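Sharing a structure, written as structure tokens. Questions coming.
Chains: A, B and C, in written order; residue numbering restarts at 1 for each.
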Amino acid sequence: MTPNSGWRQTLRGNGWISLLLLFLIVFPFLVGWLTESSPVGIPRGDRMVMRGESVRWQAVLIEVYILAILAMSYNLLFGFTGVVSFGHALFFGMGSYILGLALEYTALDTGLALALGIFAGIVVCGLLGLLIGFVTLRLRGVYFAIFTLAVAEMFFIFFGRFQLTKAEDGFAITDLPVWLDPAQSRLTFYYVALALFVFTFLFIRRLVKSPTGAVFQAIRENEDRAQALGYNTLRFKLLSIMIAAMLAAVAGMLQVLLNKKVGPELLGVAYTVDPLLHTVIGGVGTFVGPVIGTAGLHLLDVFFRNSSITLGGVTVDVAAIWPLLLGAIFIIVVLIFPQGVVGTWRRWRLNAGFRQRTSAEQAARSVKAAE
Amino acid sequence: MSDNLLEVETIHTFIGQFHILEGVSVGVRKGSITVLLGRNGAGKTTTLRSIMGMTPPAQGSIHFDGVSLVGKTPFAIAQMGIGYVPEHRAIFKALTVQENLKIAERKKGDLARKGDFIFELFPDLKRLSHLSGGQLSGGQQQMLAVARALVPDNRLLLIDEPSEGLAPVIIEQLMNAIRRMAAQTTVLLVEQNFRVASRLADQYVIIDEGKSVAGGVMDDLKNDSALIQRYLGVA
Amino acid sequence: MVSKRNSVPAIAAILFALLAFSFVTSGSLGNFGITVLSGLFQGMLLFLVASGLSIIFGLMDVLNLAQGSFFMLGAYVAYDVQHAGGVVDLTAAVPDPNLRFVLAVLAAILVGAALGAALERGLLRRLYVRPVFQLVLTFGISLVMLELVKAVWTTTPFSWTETFGVRENFFELFDQRFSTYRLFVVGMGLLLIVGIALLLNRTRIGIIIRAGVEDSEMVQALGINVRVVFTLVFTLGCGIAALGGAVAAPFLGASTTLASTFLLQAIAVVVLGGLGSYEGTAIGSLMVGLSIAVAQDSAIGTSFSMLPSITPMLLLVLVLLIRPSGLFGEAR
């Protein structure tokens, strides 16, 4: 373990990240103060009701945290280990279904059901990832991609028709501990989500910077060489997919708690496409890339969802063409800026520094020549 | 040498971040059989691939009959009259012998014109012409790979380790064929087997750790056991 | 080579088992016939998508995830040309619905091929050096195509309402009415299978393609511009997929779900048959098509209504577990 991997050093070494974290921590109160709304909602009888700007924006940020965790898990697999998966929604969805089933379909006490559901969901998804990886990671990369696509689709279709879980309608979560229920204690849920988000970020960062993470990246660069160096690349890839699967499951569980509904759309291709898009556009293979991609794109979506643009006499709803725009941006990024926003920005900074140095050198040389 | 058909001058070639060729120069006289010698991994195959445009050099120049090859795509280089026979018998296993020869045509009727000569050098191929490449033995596959380079009018043949993995009898056949081919064209050979190389080639270039270190007439080299020991290990 | 010889009895056995199972569960000869025809119909459609997928993958090492989107595009274009309204309205210019259908299919092929050529030259060419991103790129293309189609034709699926001669005809056999149109599509599919086989085996370009599937670098070294062949193959693949959508449209309509459904089924076909193998794709299409039809037939009236939809996926999973190289693929 390198000394820089401790979380305190991480925060200290990156001043602006610490600042951002501070901002996110005080965010509900900041918004509450600016808009004169309560961060904990309004009491109505003996319950709290979620009304007001602060709680509304808390929900928006919670969504960002969830999607960011999902994107970071995808980035671990794709960006750092070089394994393409088209079935990430499987882990997201299964995590949510298992938690949902534990909460609604078991006769256990709510707190116990919650704990059981979380534990079972994470374990099952990890095993699922292990299984899928074991079957296909020994083959060429394209087989894994195909397999994950097919399996995710299978599960989606299955749960869409499975009567026990109410097929495509899904079922609602009615039985949640009050302290965690986002419809009543959103502030608590906000901090839970934020904590998991920060944990995921730091965990992945530590993992990637560790010797294990170095092997992940070696596999991404050139798997044959990594094998020639003596690493059992299959084991490392399996580890990567297991961790990615478990993190995705956590994201799925948060989502299910937020929406208090379980349905097959959680297994839908949107939850595979979104992390892929966010990661690639944000910057694949970087730590902050997926976060920036997710936050940026999701917030843009929220801001402009209800507006429309007029071009040459034709008025279009942004909501209608948003996926198209996203897809087009994605293609442009893949072709021209494959390092994404973060990677390209870093490159510019590097080049600018280099240019400064060479022109300084040239200036120094011409001064010398003149002597 | 201005009468060199192929002039490779101090080329540096990178594969990824690896500096494989660190200054290789090779001059191939027209009508000669020149052999590239050197240990495993010295850079002989990479030299051929650099000439052929598959791993183009980052520095240096390559001229074929006065025309620069650097920057041209492999197919353009091939069309200039350079035939490439890679190592490990790169024939198309899914195609028949006939199809393997046909695909090498660059002008219509190439095979019709050259067919007799080719089947004279490699009589087995005529007999096996309807079998698929994958059904041939190792020796037959190598004959096909070499024969294929004869189909179009090639002024230079690049042959990589033709004798590798073959029985001595087959090697003898192959050598005779290459000698006869060389009468009408120029050959640049990579050969690990010094016995084959010394009997076949009239010129040599030694490559060691990505640099060309010695070159000249093969007859001279045969008597220079010190040089052989130094760069080629066990003779 | 040995594996190919061993596959033939295995294939024959599986096909026989499928047909036997269907025959037994059908109840009547007529029902059995319907199932077989339906299976062949589905199989041909799959072949139209899968053949492009397979050859493009074999030659260019690119798994074109947009292949299903071209099928969907073909359906929409054909629907649009045939019916009144939409982007193109030919009801006045070409009153004969049969003729209009021919034009509709031709239009679909042209649009598919043109778009395919543009995509290959404009986008894919830049990425031949970074294979991981190729997969991601074709995925992105499929997304954009889906959204474009939604933008032009809305998300509401279209059912084919125009009647035209061939579509309406039936013939009677074993007390059942069989659609002549399905037979026509099956026949056309068979013609294409044979035609493409001839192309691959008897023409120079076919030899180049088969050689390129094996070793495209060597083909380059022989003086052949492989990039042009890549564009040609990609264009043809997309055009044929669009053709599939066009001829399927009178029965399946035009909807956005066609893209993912046919992509996944085609992937199952290609993996089952062996990536890059032409014979494998042809046989695989037949098997998957029949399996879906048999599953549909058995699932009627039972609670397993999801079976036909997940059958291709189950086949894919099975193949990857037992024999990932497929029936005719090289064991890599």
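Just so it is clear, a residue touches a chain if its C-beta (ideal position, glycine included) is under 8 Å from a C-beta of that chain, and two chains touch if they have at least 3 such contacts.
Since we're looking at a predicted model, the values are computed, not measured.
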Query raised in the report: Which chain's mean C-alpha position is nearest the mean C-alpha position of the whole protein set?
Result: C
Query raised in the report: Looking at CA centres, what chain is most distant from subunit C?
Result: B
**Report entry** Computed distance of Cα centres, subunit B from subunit A, in Å
**Finding:** 53
Requested in this report: Could you grab the centroid distance between subunit A and subunit C? Build each centroid from C-alpha atoms only and quote it in angstrom.
Outcome: 35
Query raised in the report: Taking each chain's centre as the mean of its CA atoms, how far is subunit B from subunit C in angstrom?
Result: 44
Query raised in the report: Inside the complex, what are the residues of subunit A that reach subunit C?
Result: 82, 84, 86, 135-136, 139-143, 145-147, 149-151, 153-154, 157-158, 160-163, 269, 273, 276, 280, 320-321, 323-324, 326-328, 330-331, 334-335, 338
Report task. Spell out the part of subunit C that touches subunit B in their complex, as residue ranges. Result -> 1, 204, 207-208, 210-211, 213-215, 217-226
Report summary line: Per the touch rule, the subunit C residues reaching subunit A in their complex are 57, 63, 123, 126-127, 130, 132-133, 135-137, 139-141, 143-144, 147-148, 150-151, 260, 264, 267-268, 271, 275, 303, 305-306, 309-310, 312-314, 316-317, 320-321, 324, 332
Query raised in the report: What does subunit B use to touch subunit C in their complex?
Result: 52, 54, 73-75, 78-79, 84, 86, 90, 92-95, 99, 102-104, 106, 134-135, 148, 152
